[in-house]
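Should a chain be cited, it is by its letter among A, B, C, D, E and F, assigned in written order, with residues numbered from 1 in that chain.
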Amino acid sequence: MSLFGLGARQPTSAEKISAVENELKVIAEMHTRMIKICSTKCLDKTYREGELSKGEAVCLDRCSAKFFEAHQKISDQLQQQQQQQQGGGGRF
Amino acid sequence: MSLFGLGARQPTSAEKISAVENELKVIAEMHTRMIKICSTKCLDKTYREGELSKGEAVCLDRCSAKFFEAHQKISDQLQQQQQQQQGGGGRF
Amino acid sequence: MSLFGLGARQPTSAEKISAVENELKVIAEMHTRMIKICSTKCLDKTYREGELSKGEAVCLDRCSAKFFEAHQKISDQLQQQQQQQQGGGGRF
Amino acid sequence: MDAGLTNAEQRELENRLQKRQVKEFMNLFSGLVDNCFVSCVDDFTSKALSGRENGCLSRCVLKSMTTQTRLGERFAELNQAMTAEQQGKQ
Amino acid sequence: MDAGLTNAEQRELENRLQKRQVKEFMNLFSGLVDNCFVSCVDDFTSKALSGRENGCLSRCVLKSMTTQTRLGERFAELNQAMTAEQQGKQ
Amino acid sequence: MDAGLTNAEQRELENRLQKRQVKEFMNLFSGLVDNCFVSCVDDFTSKALSGRENGCLSRCVLKSMTTQTRLGERFAELNQAMTAEQQGKQ
């Protein structure tokens, strides 16, 4: 998920740290959003049980795989659209 | 939308930059919120079509105009209430 | 709500400021979340009246007390779980 | 809350807290606008707010302000009670 | 918007605004992914996206992009009109 | 992830990552409290949590923790697989 490509110029120390930090921030935020969305999709909200049921656990596994796939797919689609509009050179 | 009035004292360099930055931040966040709210109000969520219908497009235009008007109106109302409470001098 | 315990080493100036700042940030965010959640639970969303009804006001008072209690209870529960897993020394 | 700060640290802290207050204030304002707009505006046959929508927004702002003030008072009481209890335990 | 900045201040400001743009862009991207995923994906009998889900996601992205562009234009117009009006009052 | 950092840069980065971890942790905690409160507490005829509400909160916290752990493992696997795939393409 290399979203922040550094240019040709030698990056400064602060820029290098920022680039790694940003990349990890993007990943951490994606993780948090996945927990929120897949919990809403998969968990029984009455909380009559404190344990995950088998069905809930399987649903969470599939939901996370689909979320990753959708993320990647949408990122690719936007990149493609941008390249078409700009005649190449777009980045995501 | 001048939310961050600077006082009588000569502002420092950092303060001037912060003031402009804050104003643009407020505008950018308002933009993001408008996209979220008006999309919810206007778009057909089944996504059977990838194009905006005429009805959706018109709805988005009107929703954005109403959102701006409401924003302005509420800001004025709060300012007025604050001035009544403080006997003048309130700012937003 | 002492979430950010400082270690045995003498803390630096920046660390001390950060610790107090973080504590206040946690409290402020909790306040904002409480307003959002208890408004949703208690207010009549048609806004036919501009005044809080007696019922709404009492509901807000009880909701805020329950929110605080739940916050404390959940914080204790997580701390206990962490201590069981780590064999003591967990912090929240 | 007293972390044994020097005067200079205290000033720096107050500076940051003021920025935080502005941020909190803006967050509350945005939340209020969004909530009242979502609750009150649902007619997109014209691009200007109707009389009904204007009235609803105005009442929503009033009620939200009263709510924020009331919950602010409750929050301060509850926070104080909890802090006192925690210090009693130590 | 002109706050009488020096050249150095202007550069520092542009630097920060660029960071803000990246942040706004990421926020819009995350919001788009979340909204399209929530709207389009509801079948958890397999761990790969189905053809129907893929189609829905693809149309959702297209429509969301058009929406963002359209609302961006409207926003710029409305913001300009409001700024002009406020300056007329001063 | 290796961006050719010097030791000093590596330390600064670790410092920032630790702050990020604290922030992520607080975000997860707030999300958990809000979600469990919204799901479990709906009776405002008294100001203390009822036995039923307490039980519901307790089970909600347990289930949410298990969910977070499980999704954390899945996330790490998926992220690793994706990174490997991207490096294969280069």
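Rule of thumb we're sticking to: a residue touches a chain if its C-beta (ideal position, glycine included) is under 8 Å from a C-beta of that chain, and two chains touch if they have at least 3 such contacts.
Since we're looking at a predicted model, the values are computed, not measured.
Undergrad: Under the touch criterion given at the top, what is the topological distance in steps from chain C to chain E?
TA: Between chain C and chain E, the shortest chain-hopping route counts 3.
Undergrad: Using the contact definition stated above, find the chains touching both chain C and chain F.
TA: A chain counts here if it touches both chain C and chain F, and no chain qualifies.
Undergrad: Over half of the contact pairs shared by residue number: find the pair among B-E, B-D or C-D that meets that against C-F.
TA: Checked against C-F: the matching pair is B-D.
Undergrad: When the C-alpha atoms of chain A and chain F are each averaged to a single point, how far apart are the two points in Å?
TA: 14
Undergrad: In angstrom, rounded to a whole number, how far apart do the mean CA points of chain A and chain C lie?
TA: Using C-alpha averages as centres, the distance is 28 Å.
Undergrad: Going by the contact rule already set, what residues in chain F reach two or more other chains?
TA: Residues 36, 40, 58 of chain F each touch two or more of the other chains.
Undergrad: Counting only residues that touch at least two other chains, what does the list for chain B look like?
TA: Where chain B meets two or more other chains at a single residue, that happens at 61, 65.
Undergrad: Counting contacts the way the document defines them, list the chains around the ring, chain A then chain F and the rest.
TA: Moving around the ring in the direction of chain F from chain A, the order is A, F, C, D, B, E.
Undergrad: Hey, which residues of chain C end up touching chain D in the complex?
TA: Going through chain C, the ones touching chain D are 1-2, 13, 16-17, 19-21, 23-25, 27-28, 31-32, 34-36, 38-39, 43, 45-52, 57, 60-61, 64-65, 68, 72.
Undergrad: Can you tell me which positions in chain A touch chain E when the two form their complex?
TA: 3-4, 22, 26, 29-30, 33, 37, 40-42, 58-59, 61-63, 65-67, 69-71, 73-75, 77-78, 81, 92
Undergrad: So in the complex, the part of chain D that touches chain C is made up of which residues?
TA: 1, 3-6, 8-9, 12-13, 16-17, 20, 24, 27-28, 31, 35-36, 39-40, 56, 58-60, 62-64, 66-68, 70-72, 74-75, 78-79, 82-83, 86
Undergrad: Going by the contact rule set out above, which residues of chain F touch chain C in the complex?
TA: 22, 26, 29-30, 32-34, 36-38, 40-42, 44-49, 53-54, 57-58, 61, 65
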